[in-house]
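One chain, chain A, appears in both complexes that follow, with chain B as partner in the first and chain C in the second.
What follows is the complex of A and B.
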């Protein structure tokens, strides 16, 4: 394990295109469900417990056995009903792989895997453990949306980082839960869904003008 | 309370459907209803007791043989209730649909009364060439009541491959379930999975509803509402082939 490698992987400055995605926040701001830091907190808690848990479990499972990546990628397809979210996840997976290949020798996996599969493969290549892949994934599902919230609503960045600090115990808990299940058969891995993220993504994809890709 | 029920629908020699097995026990009582229609058979679930209550273990197994057409409905919403201190109540529904068979699952909503603790486990296997319409509606609490805890765990396979794998948890113990990522303060949610050789065109069905093409041969229509009426307004027409054609023609 290398803490330095883990910090690189979880760093928002990793050139993997993550800054172009709001993690489903932009449509929920547009429809008025998220207006302030409290609304963002509810959004992030739900996102962490659903797509955060799923991403963490699939990143950890890929890290534990990169040979399962095709099967795990299909498992994410079955857990992502929204075509817009599947496209966003694969675009981020491809960008992450591109950055990762410049950093470490990565096992051969598909060209455009889902983002958690790409993250797990990078973590394995960097010598990280499944638990570390899980925490990087869980962390990424909330920090990306949080920074999008600052940009879209003009929220106080200090207040938003205070919120992220309050969420760290939950982030650790979700990552530990995900890592503990990383050896499970694909059908048994976490599948927590978030209906408004799916619906919002489909509506968002039809907008003519939007700040974020998803 | 423990109860098991089962239905086996098979094609008869006149091109219709007959029920080779129709057995149930309270609270999962089954009644064949209506006249044979277009070669299909309709069965209604008739609640024979209150609940499910904590500690209840209920199971329904449905088999649709090649060429048979079965529709399952229920006469009333089911109400998950707290009951005495006991492990969570659980309803397990399994279904298999053979090639050329059709299963339409259209029960009334499940209502999560305050204090309930209920699991719904759904496992559906559709063979290549089979057709499925699977609807589940959930209401989070009775009128002006906090939601109880319900966890729905669904796996639908088509031709042996996972088509739709979804878990939804609401109420106490489900972090952020009422936040803007999950139900956003909505108190009702409905989902309809359609799978098979002929699929409806995806469409935006309303402000908080959409029909989306799955990665495999299926479409999910999902709707969130302040109450069940909004969900029904989006999903009832979607479940009716005639009005769906009119809907997409607009």
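What follows is the complex of A and C.
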């Protein structure tokens, strides 16, 4: 393991395309479900418990055995009913892979894998453990949306980082839960979903005017 | 070498010439990939109109595609399509998450993916124009994304803009000062802009343009023709 590599992988400045994705927050702000820091807190908790858990589990499982990446990729397709979210996840996987290839020798896992699969492959190439891949995935699930909230709602960045600090125990718990299952068969890995994220993503993809890619 | 700040005329901004007469760039790579030109500049300076003019001027002689980063995703792409300057399959729009400069400088992945997708879909291209969303005077493109960059300012934005400098004005490979037809109406002095641009940009070229009068953006199109010719 390398703490330095883990910090690089989890850094929001990693040029992996994440800045243009709100993690489903933009449509929820537009329809008035998220208006302030409290609303963002609810959104992030929900996201962490659903797509955060799934992402962490699949990143950890890929890191544990990159040879399963194709099977894990198909497993994520099955857990992502919204075509718009599937496209967003693959676009981010492709961008992450581009950054990763410049940094470490990455196993061949296709051109446009789902983001958690790409993250797991990068973690493995960087010599990280499945538990570290899981925490990077869970962390990224909430920090990207939190940053989008600062940009879209003009929220106080200190209040948002205070919220992220409060969420760290939950982030650690979800990551540990995910990492503990990294050797499970794909069909038995977590499959938590959030229908409002799916519905929001499908509406968002049809907007004439949007600031974030997803 | 003129390493010490100096001036050539009484009104000139003091400046230095690190290596006068030497092109600071590496030679352009003549490989199979298209020449990529970034077009940046403040909101409303005429970036999209310039792209449209270049499509009109060069569309018949070069295999051309456009990636646009407008804040409102489809707005610029629609402008190009509505004006019939480029068929739909040659224009791609990229979202920038409220940060247009990030998408062209710090995290260029979405733009690189768009360029690669266009080349994959359309076959070999000669030229890809990457249009930034409107930004400020500090916006510049990453050399990982583009080969050369054009910065567009307009006279209505104030004739002090070249003097203010900033990386866009000082380092762009071509500075375009647009909307010269408006100069008398806004009281802008083109000679001041020319003098300040020269002082800020040393040997880098600056052109004056009125897209209202020159619908083919002739001086810019000629500059690009020269770059394309230099690659082969």
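Odds and ends about this structure:
Here, the second predicted complex is superposed on the first by the 214 of 214 C-alpha atoms of A that agree within 3 Å, B and C clash if a C-alpha of one lies under 4 Å from a C-alpha of the other, contacts with A are read in each partner's own complex, and residues count from 1 in each chain.
Here is the rule we use: contacts are C-beta pairs under 8 Å (C-beta built on N, C-alpha and C of every residue); 3 or more make two chains touch, one makes a residue touch a chain.
Computed from a predicted model, the values in this text were never measured in an experiment.
Per the definitions stated earlier, placing chain B and chain C onto a shared chain A by superposition produces no clash, and the two fit side by side. In the overlay built on the shared chain, the residue A:77 is in contact with chain B alone; chain C does not reach it. By the touch criterion defined above, A:22 reaches chain C but does not reach chain B.
In the overlay built on the shared chain, the residue A:162 is in contact with neither chain B nor chain C. By the touch criterion defined above, A:7 lies against neither chain B nor chain C after alignment on the C-alpha atoms of chain A. In the superposition on chain A, A:210 makes contact with chain C only, while chain B stays out of contact range. When the two structures are aligned on the shared chain, A:95 is found in touch with chain C, with no touch to chain B.
Within the superposed three-chain model, A:107 lies out of touch with both chain B and chain C [touch as defined at top]. Of the two partners chain B and chain C, more chain A residues are in touch with B.
Closest approach of chain B to chain C, taken over C-alpha atoms in the A-based superposition, is 19 Å. Of the residues of chain A, not a single one touches chain B in one of the two structures and chain C in the other.
The part of chain C that touches chain A in the complex is made up of residues 71-75, 94-99, 102-103, 106-110, 112-113. Listed in rising order, the residues of chain B touching chain A in the complex are 153, 155, 161-169, 174-186, 189, 191, 202, 204, 207-210, 212-216, 220, 222-224. Residues 13, 15-22, 91, 94-95, 98-99, 148, 151-152, 208-213 of chain A are the ones touching chain C in the complex. Within the complex formed with chain B, the chain A residues making contact are 24, 28, 31, 33-34, 39, 41-51, 74-75, 77-83, 86, 170, 186-187, 190-199, 202-203, 206.
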